[in-house]
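Presented below are the structures under discussion, each in the form of structure tokens.
Look at the two complexes coming up: chain A is in both, with chain B in one and chain C in the other.
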Partner chain A sequence: MTEKPAEKTEVKLEIGRFGKFLQDNGIKSKRQSDSNNVETIVIDAKDLEPAMRLLKTSSETTLNFLLCVSGVDYADKIDSVYHLWSYEHNDALVIKVELPKNNMTNTQTPCMSSISNFWPAANWHERETYDLVGIRYLKHPYLRRILNPWDWEGHPLRRDYKQLIDALNDKNPHSFR
Partner chain B sequence: MATELTTTNLKTDEMIINMGPQHPATHGVLRLILKLDGEIVRHVEPVIGHLHRAQEWQGQNRTLFQYQALIDRVDYLSGMFTSLAFAHACEQIDGCEVPPRAQYLRALVCEMNRISSHLLWLGTFLIDLGALFGFPFYPFREREKLLDLFEEIAGQRMMFNYIRIGGVIRDPKPTWFEKVRKFTQEFPDRIDEYEAIVTQNPIVLKRTKDVGILDKQVAFDYGVSGPSLRGSGVNYDLRKVRPYGIYPDLNFDVPLGQNKGDTWDRYMCRILEMRQSNELIKQCLDKMPEGEILGKKQIAGLRIKAGEGFSAIESPRGVLGCYVISNGSDKAYRIKWRNPSFCNLAVLPSLLIGRPISDIMAIFGSIDVILPDVDR
Partner chain C sequence: MNEPLKILNQSNELVSPELSDTVTLTTLDKAIDMLSTIVSPIANLARSNSVWPLTFGTSCCAIEMMCVGMSAFDISRFGSEVFRATPRQADLILTAGTITRKMASALITLYEQLPEPKYVIAMGACTITGGMFNDSYSVVQGVDRLIPVDVYLPGCPPRPEAILDALLKLQQKIRTENYAKRRLKGYDQRPVRYVDYDSGRPMEDLLAMAMEETKEVLTKQDNDNTK
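And then the complex of A and B:
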């Protein structure tokens, strides 16, 4: 359950097209190795909202198709991953925001700002990520659990998640059956 | 003193009504909390998750080989597509080659699956509109034939487990191809039959024309894709825009809505798409090469290299994405599904507000949401 993905060797990567665009507008980003020839950048949590606004509306980029927001739990950090496409052209971008864990327990949640105020597509995806991975998106209009019941405890896609009540297991004293 | 009662000074309270989750027309278990002013919908809150089966959790706690059998359940009406998205993502990471015959077989079964999915949608959409007179069984007649064909190659009628990482699992017999060809020959007549009953039917026109107009900008903001988006006139089909597999070699048109993106446009898009899929099947049959069908050994300890992969394909409902992170073991580290139904359903409230309650099912049916795909 707790094994790490293989360590990637750190190579200094050249700044990509979208990284350059963000740098010109005063937003720092770090390039990661590409997956399937799609530029992957890591940016700070506080820079996410202005960066997304720029990438969505600027005529240079028009990345106006937010495919999904996914949370990935690693051993020492939780990633919030944004896959961006465009309805007009063929470019793509993956943005990652790394949130340190600092010995967080399963019920504690790291915080970052939400983008669903100006991008409605993110609304349900952020709720889903909050529900399953436990990233608290601040200023989200309606941050409730979406797939699990409202009274569910813990976040199932955390690597240290343990089911509190095993409703289907008869040997469990807390079983419903 | 008696006050005068007129319709203008009658005060009506807003009423809150639960539609579903056991409502017969919600295609599964969707709950809509409606706030109604008389007959007009003022506020909608969709409540989902009743069919949540923790597909992503299972993905990281089962081996890849075990999980391949489960992913058809993500969207049970288009199982081939969910398998294909997962296989594409794993092949991206692993870099394994897919033989050309397998590529063609994949496209062939996917287009057949697209037709069978749209046929079920056509039947249920007409039920949603109130056509309980038996029309729904016309499309089911053809769907039955397709499911029989699937059963012959995959052994199952809906949960195929046919497309695997590196290719497809079984090579069909020559007689199977003949049966498919026979189906493609008679299918256009069948669509003509449905169209004769439905397309210019005055009741259908009244229920669907100018109902649930999906504005382009709203669709972009919510990330809508698939026929629901193309009904609004946006030419966005992944088979053309970001071609995968052998689609660059095939000729087909992308049907677009000719009007303003109402329910009828979305209906028409799917009808025309079935005709295009039929043409694609014919082309796949004509061009089918000989050779290997599987580029990776299917063993219980199936492993892929470490890395990240994101694949997206055009499923009958829209852009179906699969994000896989692998650490080189026989289990995936993280699997995330980008389900078209989940994203398309989010746009529903903005289509319903201001419409009478009787339009809810027409609009909901026309965006073709399948609830297991929403809740996974």
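And then the complex of A and C:
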């Protein structure tokens, strides 16, 4: 995409509860505005595994339930988003990992580490994110397309995805896609 | 592509492309034709009143298909109450629901597994044009791109009465059929796997052409080698 990322009006947000917890354990994080009153933090890709292990096992947080893994394609970066939940404390946290695009083409995929060894539930979620947004999760046991046929080209929810026009799909080739 | 196409028939004679589609009637065919004019009306009456649909529902339209089988609308009044779970025992596919690209090959396989005579009702906007998912990357824009369709049944979803109406239309169509004619038209009953979409020609013809070309190339190579 050619569009420029919008000028950000940086509002300095106070460090949140979970951000503070991670900071105390030596993991840096950046707070973003809350999503649905749930604390949202951004962390580095290399910090993901230790942070997840801490948040899951520590008795202070016990965020031991993974709600969902998803991906978002922005103009300049691709986000991998994790929603965590704690039944003990009735608490939730959203973790984002930003992967810069750096003039990446449609078929290239950014890489980051998988968390399917912590939560088996992440297995299919990561496969779906790989299929539709195209984030390659390293160390995933079976990273294959899950929704689209195995021989699909490209990742349909990317901003620059060009839809295939062929015998099965050619009614309105000029429409907005 | 301007040069005339060369196609061989079974006894290896060259036939022109116009002739490749015509059908020669043998005496056996004529006998069957004559017989079928007598038998067809009776057989058709039996057939049209026992069209067994396949249990094939891929999304919301299938709910209406279930509804039409229940007692409020009761499709069994028209002899179609036996929804079969295997294509080998069914006569009709009601394509109830969106067909995605991943489902397309399965639908073609199911259609091929139906024994003749087989019929298709394209049920709902999704299976006629792609419906509201027309713009989607994964949806086939109409099942008539995959398999031949007998009755189009628009609606999103169509009311159960509409399904009954489509079934009655199909029964009318079946009653006008002639067995021998249908057999000769076997070509039209083919799913798209056998027809090249770009040229609209059956795959056998294309294969024959390709074989012919290969043969030419090989003989030319042989000639070159012997020189």
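Here, the second predicted complex is superposed on the first by the 158 of 177 C-alpha atoms of A that agree within 3 Å, B and C clash if a C-alpha of one lies under 4 Å from a C-alpha of the other, contacts with A are read in each partner's own complex, and residues count from 1 in each chain.
The rule we apply is simple: contacts are C-beta pairs under 8 Å (C-beta built on N, C-alpha and C of every residue); 3 or more make two chains touch, one makes a residue touch a chain.
Note that the structure is predicted; figures quoted are calculated from it, not measured.
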Now for A:Thr62: first (chain B), second (chain C), both, or neither, which partner does it touch? neither
Tell me the contact category for A:Pro156 with respect to chain B and chain C: first, second, both or neither. both
Decide which partner touches more residues of chain A, taking chain B and chain C as the two options. B
Once the structures are superposed on A, label A:Asn148 by its partner contacts, choosing first (chain B), second (chain C), both or neither. both
Applying the document's definition of touch, where does A:Thr109 land relative to chain B and chain C: first, second, both, or neither? neither
Contact residues common to both interfaces of chain A (with chain B and with chain C): 147-149, 156
In their shared complex, chain A is touched by residues of chain C numbered 101-102, 104, 129-130, 134-135, 137-141, 145-146, 192, 197-198
The chain B residues in contact with chain A across the complex are 48-49, 52, 54, 56-57, 60, 92-93, 220-223, 234, 236, 241-242, 306-310, 312, 319, 321, 323, 325-329, 333-334, 336, 338, 342-343, 346, 375-376
Interface residues, chain A side, partner chain C - complex: 147-149, 156, 161, 163-164, 167-172, 175-177
Inside the complex, what are the residues of chain A that reach chain B? 3-6, 35-36, 38, 64-68, 70, 72-73, 81, 83, 87, 90, 94, 119-121, 123-124, 128, 132, 145-149, 156-157
